[in-house]
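Structures for review follow.
Look at the two complexes coming up: subunit A is in both, with subunit B in one and subunit C in the other.
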Partner chain A sequence: MAAHYTESAAKVVEPPSKIKRKAPGSGQVKRSVRRLESKAKVDGSAEYIYNLSLPGMLYGKIARSSIPHGKILSIDATAALAIEGVHAVITGEDIRRLIPDPYYGPAFHDQPILALDKVRYAGEPVAVVLAADPHVAEEAADLIAVEYDPLEPVFDEVAASKAGAPIIHDRLRPAATFPDLKYLQGRSGTNVALSGRVRRGDLEKGFRESDHIFEHTFRNGKVIHAPLEPFVTLAEMNGPDGLTIHTASQSPSFVRSEVSRLLGWPENRVRVRTAFLGGGFGGKLYIKLEALVAACALLVRKPVRIALTMEEQFYTITKHGATVRLKTGAKKDGRIVAREVETWWNGGAYADIGPRVAQKSGLTSAGPYDIENIAIDSHAIYTNEPPAGALRGFGVSQVVWAYESQADIIARALKIDPLEFRRRNILREGRPHATGMLMTDVDIDAILDRLAERMEWDRPLDHGSGTIRRGRGIAIGIKACVAPTTSVAMVNIYGDGSCGICCSTVDMGQGSDTAMAQIAGELLGVSAEAIRVIHPDTDVTPYDMATLGSRSTYHMGNAVRHAAEDARAQLLRIAATALQTDIDELECRDGAVLTRSGARMSRQITPFWMLGGAGAEIEVDTETGRIRVTKLVNVGDAGSAINPDIVERQLIGAGTMQFGFTIFEEMIINEGQVVNASFADYKIPGMLDLPDDLTGELVEVPHRHGPFGAKGIGETGMFCVSPAIGNALYDAIEVRVMEMPLTPERVLRALRQAQDRPLTSD
Partner chain B sequence: MKSFDLVEPATLDEAIALLDSQDRSVRAIAGGTALMLMMKTRLFQPTRLVSLRQLDGDLRGIRVNEGGGLRIGAMTSLAELEYSPLLAGTYPVMSQALRTLSNIRIRNVATLGGHLAHGDPHMDLPPILLTLGGRISAVSRRGRRWIPISDFFVGYYQTSLAKDELITAVDVPGQSPGVYCWYEKFTARSADDWPTVGVAVWYSVDSNVITEARIAVSAATERPMRIAVAEALLINAPATRQVFSKAADAAADEVQPIADLHGSASYKREMVRVHVRRALEHALNSRSNGAG
Partner chain C sequence: MKETYRRTIRFKLNGRPAIAEIATHETLVEVLQRDFSLFGARESCGQGLCGCCTALVNGIAVSGCLYLAAFVDGAEVMTVEGLASGNELHPIQQSFVANCAFQCGFCTPGFILMTKELLDRHPHPTTDEIRHYLSGNLCRCAAYPDIVHAVEAVSGARKV
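On to the complex of A and B.
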């Protein structure tokens, strides 16, 4: 049976039948079940697309643009084609013969499958060499000669938003999938892909009534997702008029619809399947290699595989760099009465989902605070850098860095304890958010309580003397989950009573297979370990928007719950008539039956609020500027956790990822060229870098509509780590660094500046 | 990647014969940890790689030399060095440095010969060897010559090794008791990153007066190098914090740092100052021979 779960907010679709909702209480949820795939991952039998090869397939290697902005004058493949073993060289013009309008993207149809007419960033795919031997393809790709007429590039997001900046796209082409962007259709002469706005109250009046006004600008550098499994896609013909795409994607359903749209085919001719992903973090969403590989396979009528190297990830998708200007008016007692937020998002050359990042994170960029007068502007900007998209938190960690650093500044200026300052301002149950939506099922006080307890906030901290100084800091953050969205699941009970779940949620390491099995198992009275979760295959598993935004536990979890309830109801009916016995006694002997339920929409911006807090204790070496984080506590509200262990590790994993972004990770981009595009030169944290005391802490505020009270938490651990560390830095040495990452050099320069003996610049 | 020949000679003579003094695209490969990075970024495209993996016999292992020093075969892996009781007993400063050298996966395959021949200024052992002294055995068709370690590193990724020469061994002299040694490493990013600055020190003290001193700086500079002006300030001076600071200031003034991803030149100059002083202090606190 299938349950269809479309959700935008608090309204939940009721299951079709009137069966009692009471769970059999089989003890599957709220239990730390070991991950179903643990053994397969340890013994190497877990399936990854990266390991797949198809008979007769060709390997593709991408030739990339060497300049950040310019017209393509010519592409000469003669030398490449002369290499023995080269099967074909494909350029944008070849693609255009197959697909007349070969531009894709989830928000804007702006990204050509291969560069057409011009290039917009250094590293943009310009041509593909196909060969049976990947080394031959690589050698030939180096020999493709492209002649450019360089155009003036623009890299800084604020500069790119100004009038007179070089224009990157002639006109804006919003995708039909987002009807609300339609008004941007055809707009020209701008690099601003979208400006999101929120207005509440009267900002000017609020500032006039303020006793103190604080204004600061904060910066975030660009970082990348760095999944262990790089991007990989294979495509093959499936009969005379069909196509199968095997891809490491977080959004197989989107790949099917977008590839179908590009080809002008009905969706039923395109099959997309995935396996386990070796990490995604938002990088493998929407379309990355899929349209390119599909087009190559169709052009040469052979299976094609393109697998990027670790280094090529840097030219595919990044997290947004961002500039956040924050102006806040507060009363003497610390109450915030007015806040103005303006954010410029460095979206790079193609929009990807950037406009949605700007829009969604803009909505919550005034923070989890109860403020009467708010003005928010959030601009998605095109620049000549590699494209930016979703990265675990969807823009939220960039704005939390700003508003929680400033919260600390304000609290200290007004001589109010930073924790107390937050208590005076937080949004509480029933109060309106900046967007007007009322807060439900939230308890930020509980998060602050847990932070205070775990950080021993009442205990004075020894700040140290000499060259090692200690400090501590806290931060809280809020995110809205994506809305509206749809998830569909089927639960099959096979002849022998075993159970399979068909759903298109992608298990990329977050443990979703296990959580779905627990939810179905709870209702069917089957142990989670005995349930099989069938991995996404658009020919087999039903539609799901995508695995993103911490939505799967809530949305897919509800769909699985409804499907399992439906199955259970049918079993009960059969049992009642045939056996006159109770469901717990029943052995299923029926095949799967499918049913449907309706969908509802709501104007509310989120089905649930994601709330988190972090606390950090650090040591700073005042002679080198190096920060050592000694304690990092990440508190997240998971609703009622389906699997407490997995949820805790999610918080720790996200905290570790954001810790790297905070302390040293940064893409160094010089005139559009990524200088450190390898993991030799772009460092991510290893075990030796981690804080000695690193914990994830669950606060459980049951959500009225979550499956068994659960809500998503995959991103929550990202929000608050950076400002907690930045605030601890100030606590330690009274130096405020406004730009991430907090590298030793940046910290030492700020410290020496404050001591009035600045380090010279080179 | 262009296709290339990989040959695995069984003897040193064969290996030498397969190298070519004229053709820069013919190179020896040992652990490959550095060469593979250069090949991946296409800084280096070989036509022939001469693998030294089969040359285990004489080229691998650690033996005691006359005079209490050690002879270390060029194909000895960094992990073998790290776990060698012989090394730990003779040069604890090296054993300690090896524990923080990149990560265990690298140390398992990287060799001492490759570590030196690469000529990368960010390596950890060269500054230590510059302070311990010693010589490098280089063999070619012309025979064997001994290159003093002080003459080996000549520039940015440049050594005095000829294109057709192979390192076969490194001799490190025995250390007199009572010598103070330390290696101070500073990474600005992850713990397993290459250093922003590395400082090795070696000095002896008699009646609280420094009698001999060596200071070597790496990573911040174009090559690992001794800092003579700083050493001169130590000799005949008492081993005090003030003296160490003075030497550190002199080292910072003397070096010409190169800006890279690990830091700007001015930041690295400052880090030289801090870490020369810390190395000198830590050496004294460690009592002797770099045993922490």
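On to the complex of A and C.
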């Protein structure tokens, strides 16, 4: 057939109200298809932006602030420029000549491309050296001399929120990029970027009616994403008035709009493309290096590449440290009747997406519990530490650590089995969440059942004796997905009947290429393995909000589904006309159709609820405080899994990441200086650290609007690991540690305090 | 860069003769990428602690981000690109695919080459030996259980 295609107008399609199986039922979904790119990932040929170099390009190396807060008095690049081979040194003032207002960010326009006038954290980019030889750039960057007038810094999130704290940003300018952040104001004259609130019922009345009131404060420190592919961006001029950015980014569409805004260019002159990502975990979202590299390339009119070292990742983006204060009122029978939650998020020097982290995780910070009286306050706070942003779970694991540790405390105080305590309180189908939204397509009982079964909860545990003690614990958690949000996909059927999907979802290891191919393949009667997924290129692939928050399977999955349905319908119509036959007589093959479709979500706070549970069994060495996790079960609700094998591995992978955050990962920040910014001093889990028995378990509660019933699950495995282990620790040694991570030192100090023989340094 | 810091190295790369003009401070990974467009060995932690940059030099696994290119003069270097025979993947590669032993894939070539070194020396390792041998390779996606399964399967310790 000749190359014949039609294009339907872009349209917004509301998801149908029930799962409809219009598909021919070609067996592509709910099948453990191997990753489409499997061969490329084992033979070294997989494309990462890391691999890319451009003819005539310069390498950039960033010179960084050595102090956490201070005015810049002078920047002296003389010695750097004297190094043979240095092409240029770029400072914030150079950037300002190209971009008069060079401040960026998804929530506030607060982050300068390079520091201007002052620095707000140790490690902030101050200047860039460009050279054809990366070693020359590195050597010269060390020679840039910056003189500062130090200002008083503030590091603790609670202290920074108080009146009288040093002010980090004089003025806050909301970005208004995303609909859910349009109302952001910020409070100029304070360090509060956002205060989110939820109120339900009458809190004081609830506390008056309570038989017991529990109040605790939980903390966790900062950790980092540490994707193994470095943060890397290249930019080049594309003709006299165009710009192409090649970047390891989870959000190419946002990069396009934000760089265009900074430059004052229309979006159609900026092209942003990505390839496979060597891990992202939320770190590679929004703008990281892109604005800087683009500005450098435009200033010197040559291609520029900047890749960060692992050390520099620690100065670029972190997970939020948080302080969570929980006050809970319960009846004698364990029913929770009132809960007050106040969380302070240590957002570091620039907001990044921190306000959304505070807002979204705040919404669910009273837990998956049916509570009549709730007050939630969630504060995103600026401090003079490296910026914090999204990290797999988006603030949820910090609040689950608090409310599930406290759930264990309450259950034990009231002498109720922890599992039974949860059963008495969980939110069930049709009941209103704290925000008023009804719970739909959830089954927390099923998660508890699975946990009980896999943990053999009814069987007594041998708690050990001597110096090795054993314990077990469980936890459950809930997360709301981002809303409202947009994903657009195109499905192309080429002249020979082969199929390509254009979408801007970034495959960073979660297997999205494979899942999208399965969804389209299911509808088109094509095997997923034969479908090609075209990687994000804003000149080619349509808009997508970003690859984050476990949203892609649901949102992009629905967009791909609609596009494939549309393509199929067009194809059948064309074929029916050409062959002068009835549409019902036809199959989906041959022909060429281009179609476009979109999916948009409602104004509810979440299109679907993410629910998970974890159970842990541990051994504690009472002489050293070391925890050994002997069993870790992670249960997640994936809806109907598109690809069960990949989904299960997502649970295990996320569970292992959070296991590292729970047991040993912690950025040590001393007076604003990160002192362990390397893999030598900051350990991520390796082969020998793993729990002996590590499993991921799917609970499949089909979602009425999900593509073939699926929900997102990339983050679910993160939620509950920490409190499950913390609760197991209490079960083993009757010591409650309120702050993560549960390092041997912290456990031993707490144990010795409890034994009334504190370590001498306490 | 001054001439005195430059030299020519000749070595075997994935079975073929290779020649490169290098600066003496350049690492093996830099030279493999720049002069040979081989990207399977990749720099991540930059300290020899994650294993992403693994290459085999005379059959021994080295951290290519620390190992100076000058040292491979006269040696035999193998990267992950040299493992397959034509279009046919090496059995280790096949086993990684069959066992879904990767997610983002950035660490995978390093794991595969460490496995090659392991099996060349110990064709039938126990599960504990596999774990210890691969403990210097990090995977942030945490595909570890599948990696162990892949190695067990290809070494005959376990059925696929």
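Here is the rule we use: the second predicted complex is superposed on the first by the 708 of 762 C-alpha atoms of A that agree within 3 Å, B and C clash if a C-alpha of one lies under 4 Å from a C-alpha of the other, contacts with A are read in each partner's own complex, and residues count from 1 in each chain.
Here is the rule we use: a residue touches a chain if its C-beta (ideal position, glycine included) is under 8 Å from a C-beta of that chain, and two chains touch if they have at least 3 such contacts.
All of these numbers come straight from a predicted model, not from anything done at the bench.
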Can A:D43 be said to touch subunit B (first), subunit C (second), both, or neither? second
Kindly classify A:G653 by the partners it touches after superposition: subunit B alone (first), subunit C alone (second), both, or neither? second
Quick one: classify A:P744 as touching subunit B (first), subunit C (second), both or neither. first
Which partner, subunit B or subunit C, touches the larger number of subunit A residues? C
Touching partner for A:I684 - first (subunit B), second (subunit C), both, neither: both
A:S761 contacts which: subunit B (first), subunit C (second), both, neither? first
Who does A:N676 touch here: subunit B (first), subunit C (second), both, or neither? first
Now for A:D417: first (subunit B), second (subunit C), both, or neither, which partner does it touch? neither
Now for A:E215: first (subunit B), second (subunit C), both, or neither, which partner does it touch? neither
First (subunit B), second (subunit C), both or neither touched by A:H135: both
Residues on subunit A touched by both subunit B and subunit C 135, 309, 311, 678, 680, 684-686, 688
Of all residues in subunit A, which touch subunit B in the complex? 135, 138-139, 142, 309, 311, 623-624, 626, 664, 668, 675-676, 678, 680-681, 683-686, 688-689, 743-745, 748-749, 759-762
Which bits of subunit B are touching subunit A when the two form their complex? 1-3, 37, 40-42, 103, 186, 188-193, 196, 259, 261, 263-267, 270-271, 274
Subunit C-touching residues of subunit A, taken from the complex the two chains share: 34-35, 37-46, 48, 50-51, 53, 85, 133, 135-136, 225-230, 276-279, 281, 309-311, 508-511, 645-646, 649, 652-653, 655-657, 678-680, 684-688, 690, 694
Quick one: which bits of subunit C touch subunit A in the complex? Just the residue numbers, please. 1, 23, 25-26, 33-34, 38-40, 42-47, 49-50, 52, 79-81, 83-84, 89, 93, 96-97, 100, 102-109, 112, 131-132, 134-148
